[in-house]
Amino acid sequence: MTQTEGHAPKVIAFLCNWCSYAGADLAGTSRIQYPPNIRIIRVMCSARVSPQFVLKAFLEGADGVLLSGCHIGDCHYLKGNLSARRKFASFVNLLQYVGIEPQRFQMSWVSASEGGKFADVVTKFVNELSGLGPQKKLVVGDRLDEIISSEVPS
Amino acid sequence: MTTTDPNELRNAIRALLESKKIRTFIGWEQGSNAFRSRPLFLRSPDEVGNEIFSPACTPCLVRMIIEDLRYPLDKPDDKRPLGIALRGCDDKGVIELIKDRRIKREEVMIVGVDCPGTVDWTKAKKLIKDRKISTDDIVNGRLIWKDRGIAIATPSGEISLEREKILMSKCLDCEGHTPRIYDVLIGKEDTKRIPAEPPKEVRELEARSPDEKYEFWDDVFSRCIRCYACRNICTYCHCEECAVDPTTLAIAADSIAADKANRPEWVGRDSTDSSNGFYLITRAYHGTGRCISCEECDRACPMRLPLRLLNRKVRKDAKELFDYDAGKSVEDKPLLSETCDNDPGDFIW
Amino acid sequence: MVMKALSQKFLPKARLQEFKGKLLELGELFAPVQEGDVAAIRRIESPGEIVDDFDQTQNNLRAVIEPQNEVILTFKDTLKPSLTEQLPAENKRIVLWCRPCDARALSPLDDNFDDALLPDPYYLRRRKSTTIIGLGCEKPFPFCFCGSVGGNPFSTDNLDVMMTRIKDGYIFEPLTKRGKDLEAQLASLFSEITVEQKDFLLEIQGKSRTLLPRTAPNPEMVHANLGKLFDSPLWKKWGDKCIGCGICTLLCPTCWCFDITDVETRGKGYRIRTWDSCQFPLFTLHTSGHNPRPTKASRVRQRVMHKYRYHPVNYAGRIACVGCGRCTELCPEDIDLIEILNDIMKAGEQQ
Amino acid sequence: MNKNPYLPDLATVVDVRQETGGDRSVRTLTVEFDDKEVASSFTYKPGQLAMLSVFGKGESMISITSSPTMGKALQFSVMRMGRVTSILHYLNKGEKIGVRGPYGNGFPVGEWKGKNLIFIGGGIGSAPLRSAYSYALHNRKDYADISIIYGARTSSDIVFRDELRAIAESGGAKVELSIDKPESDWDGFVGFVAMNVKRLAPKPDNAIVITCGPVMLIKTVIKELMDLHFKPSEIYTTLENKMKCGVGKCGRCNIGPVLVCKNGPVFTVEQIGQLPSDL
């Protein structure tokens, strides 16, 4: 892993509608600075996000995926974030087991009032990703390009 | 040695069919050679006789219950239960199907058998070569359990085979010879239950660096041909619709154009390592709390990929994170349908 | 029938590494590689990867000549697109140690792809630029039945060179001009074969046929019987056991079915061609929801009918089966092609 | 080497016409090839097919609705069904699709000279029929009586409604329209197409029937025609199956040994009778 200097990671962030999305909004309206690398996808609840979403993001070339929801006890749907926590506890292990760096997927609880925490989470996450360099392990476009470039006339 | 007497088994199946309590009995018949068997469907008492129970009975028959859900074995209005022969490992598959509410307990009539272990054809092939076993014995011989091992019975005598060199790896880690749930048990109940330890290979892999792990798995993923045999033979892959070919629900006679046009495309049909990785990781993840380590995926894989290492991992995590054993009891709730305030959460910021 | 070789040379074992290295210099080399318990034909980067003592490879020549992933074209933008055609390079390719049955399987593939009206450039570019070096089967494998479908363990059909393993080395027999050219390029490695070696070669060729473990019914009889068995209950009997995984077709050397789909990622589009299987329900599913082959029985029937009935009807009686036995050996439920053929014979006689 | 048969040529949508409404609505696209040479080398027969590409979504095999007698632009009537056809449906003028073809055998319009032609169709089955009857009307003197019997579920589901009305008025062909259920301002026949065929009882003498539509319609119409003593060799229909390559190679559209894309899509009822019932 050389060439990490100057790498601007692409991050997909799944934010729950009720807390983390509002937290991100607050960070914005409060003009708290955080890296502009994230592409936010608003979901109704952190439980809406399936591990497939994370894999799909990597497949399409994301360098990191962030999933953020309400703090435990604050879920708009009572148990959604508990369900997300349980789902991802084992998925995180599996991702690491197949060789995806643990830093590439992160979960956080950010409430609607935690604009500062949201900025901190994003900053810390993006910094870690910058250190890792681009994610090249699960990118389907790279593989299709390799098929094309393997057909070079000799 | 098995305590299941073949005549007793035969009589039990015949009695079930004669009583007309079941619509079809699913057992095994001798396959293409001494080491192989295939599912057998018996529908009337006079068909009884071709069934076998031997070390060649490797396929897990639970899959045939799932096949029957989509492609009915019998007339759809026949609501009688299916009869099925189950071993100490297969019953967990049935328990999971009941937990997932795909079938009800009373829809299967379970004939338990005492299975001391079945053969792995890939290993057998190697042994055949090393031991120079004759073609005639391979084709016409029959496997038997002998003392603690296995032998090929041939007209000219018995050839004993080393247990460690021929049994499925799950059998070497057997958790119990007879099923926990059954309606009839042919043989002696195995009361010892030894929970299997996750294989050393899983722990060794876990200890590697991300790049080393990826190197290992990328090699595996790149060799996958996406035949979906691991999914199609699996006891937990019983979904009506699969993430990798999501059409079953969208494409029906009455579905609207928009639903068909907008059905998700999770992964392309290319078999590049990335897309294969998506498929295999997704499938393994769906085994969390549901995979019973029957290792049928491993056996079915035509490229002989070590898929058990993925499934043993999720099984190990279910145990370590949530103290959960798939296939333990029909009373358990499915792992991911429940939550608990004390679930691990230290990976969350 | 064993074709008369143009010449026969001896490659001593001591020069095997050098031989592999030279082949690698001559073009893109594909050869068997050991992967865990099994072998597969792969693109070779260094001669050391090639395994000398291997069983039947899991994949076959099709993986080289009609690979599982092929990019047909790339495009940018969806509704005002610009297209770039992608074709395989016409580089020299060499396949080392292809089994004779797998090479025979190219004939039905040629039937399908090399038609006069619309030849398939993807297949043909690779087919025409590939030199195939076969390896005779002195000891056939447990599921082999090539002898029952017109082949034999030393068939030379579609091969450019036949190699045979003997004591201390290999016999190298060029069979075509391409093979002869290869011989000339590698001349320094070979020595003349001795009379004893020649006799030994004939002996193992003759013996190999007697070692074939399995026999299937006469394919012409199967073909004739199939004409009246479309509605036979035998298809449901085997369909019930099937799990629809498609191994029997994806790894069959005479199967060629493919799918064409679009992949869009990172703002770029790829039209790809990938292997497909008639055992998948989606293979024939109409968008209306109608499926002409909705049951496993109908799909098992399609596979057998295609190989033993439809292909011979369309292509001068050629059976699209070479008796490699992969469909049976690799089937997780042990659905035995020979047993199905036996059932066909039985059902045909009863009618 | 020949042209790559899998490579589509770009064509621009020059006109879009809404034919019917509803979830499975039909639109007719008129497209012109961007490359003049391609346009002049694309020659086709009525009843042939073309593979249309929506880049990023895939390809779909569609009947060519226009007749070669109508000029260089091609027309395709597309029912909104799935991924590709939904996009085809929402194309605007100036947007581009890929077209490759023409594929299939087409109707043997040359062999039909001097015969009475009876076109029987329903729903989107009128797409290939239109190609053939337009050809026959253009070469009107080559054929004897021409009649078109067409039905749809409701009056608003009638594809080419205005065109059919114009044909009837011009006297080029007799046009008999029907709908499945009564409507207040409908004065034509009400009932399924097969019932209309029974009522009209066309005569089999010197006649050729060309029928196309949903499977049930084809089946019931053929039964009526048999009762009216039409010969199976004089009834033509077009079949469809899922297709990917269009050139007889990908292996999925076969019915027995016959490939619908290459040996079809046009078959006589006699030919279909010889195929296994794999439909």
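Letters A, B, C and D mark the chains in the order given here, with residues in each chain numbered from 1 onward.
To be clear about the criterion, a contact is a pair of C-beta atoms (placed from the backbone, for glycine too) under 8 Å apart; a residue touches a chain by one contact, two chains touch by 3 or more.
None of these values were measured; they are calculated from a predicted model.
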| item | value |
| --- | --- |
| Chain pair with more C-beta contacts, A-C versus B-C | B-C |
| Gap in Å, rounded to a whole number, between the CA centres of chain C and chain B | 30 |
| Inter-centroid spacing, chain C versus chain A (mean Cα positions, whole Å) | 44 |
| Between chain A and chain D, centroid-to-centroid distance (C-alpha), Å | 50 |
| Length of the line joining the C-alpha centres of chain B and chain D, rounded to whole Å | 49 |
| Per-residue multi-chain contacts in chain B, two or more chains | 251, 260, 268, 270, 272 |
| In chain C, residues with contacts to at least two other chains | 69, 87, 259, 261, 263, 272, 276, 285, 287-288, 290 |
| For chain D, residues that touch 2 or more chains besides their own | 81-82, 85 |
| Chain pairs in mutual contact under the definition given at the outset | A-B, A-C, B-C, B-D, C-D |
| Residues of chain A touching chain B in the complex | 51-52, 55-56, 59, 72, 79, 82-83, 85-102, 106-109, 121, 124, 137-140, 142-144, 147 |
| Interfacial residue positions of chain B with respect to chain C in the complex | 31-33, 36-39, 41, 59, 63-64, 67, 71, 73, 121-123, 125-126, 128-129, 135, 138-139, 223, 225, 227-229, 231-233, 245, 247, 251-255, 260, 268-272, 296, 299-300, 302-304, 306 |
| Residue numbers on chain C that touch chain A, as the complex places them | 27-28, 69-71, 74, 86-92, 263, 265-266, 268, 270, 272 |
| Contacting residues of chain B [partner chain D, same complex] | 251, 256-258, 260-261, 263 |
| List of chain D residues in touch with chain C within their complex | 1-2, 4-8, 10, 53-59, 81-82, 85, 91, 95-96, 98, 215, 240-242, 244-245, 247-252, 254-257, 276-279 |
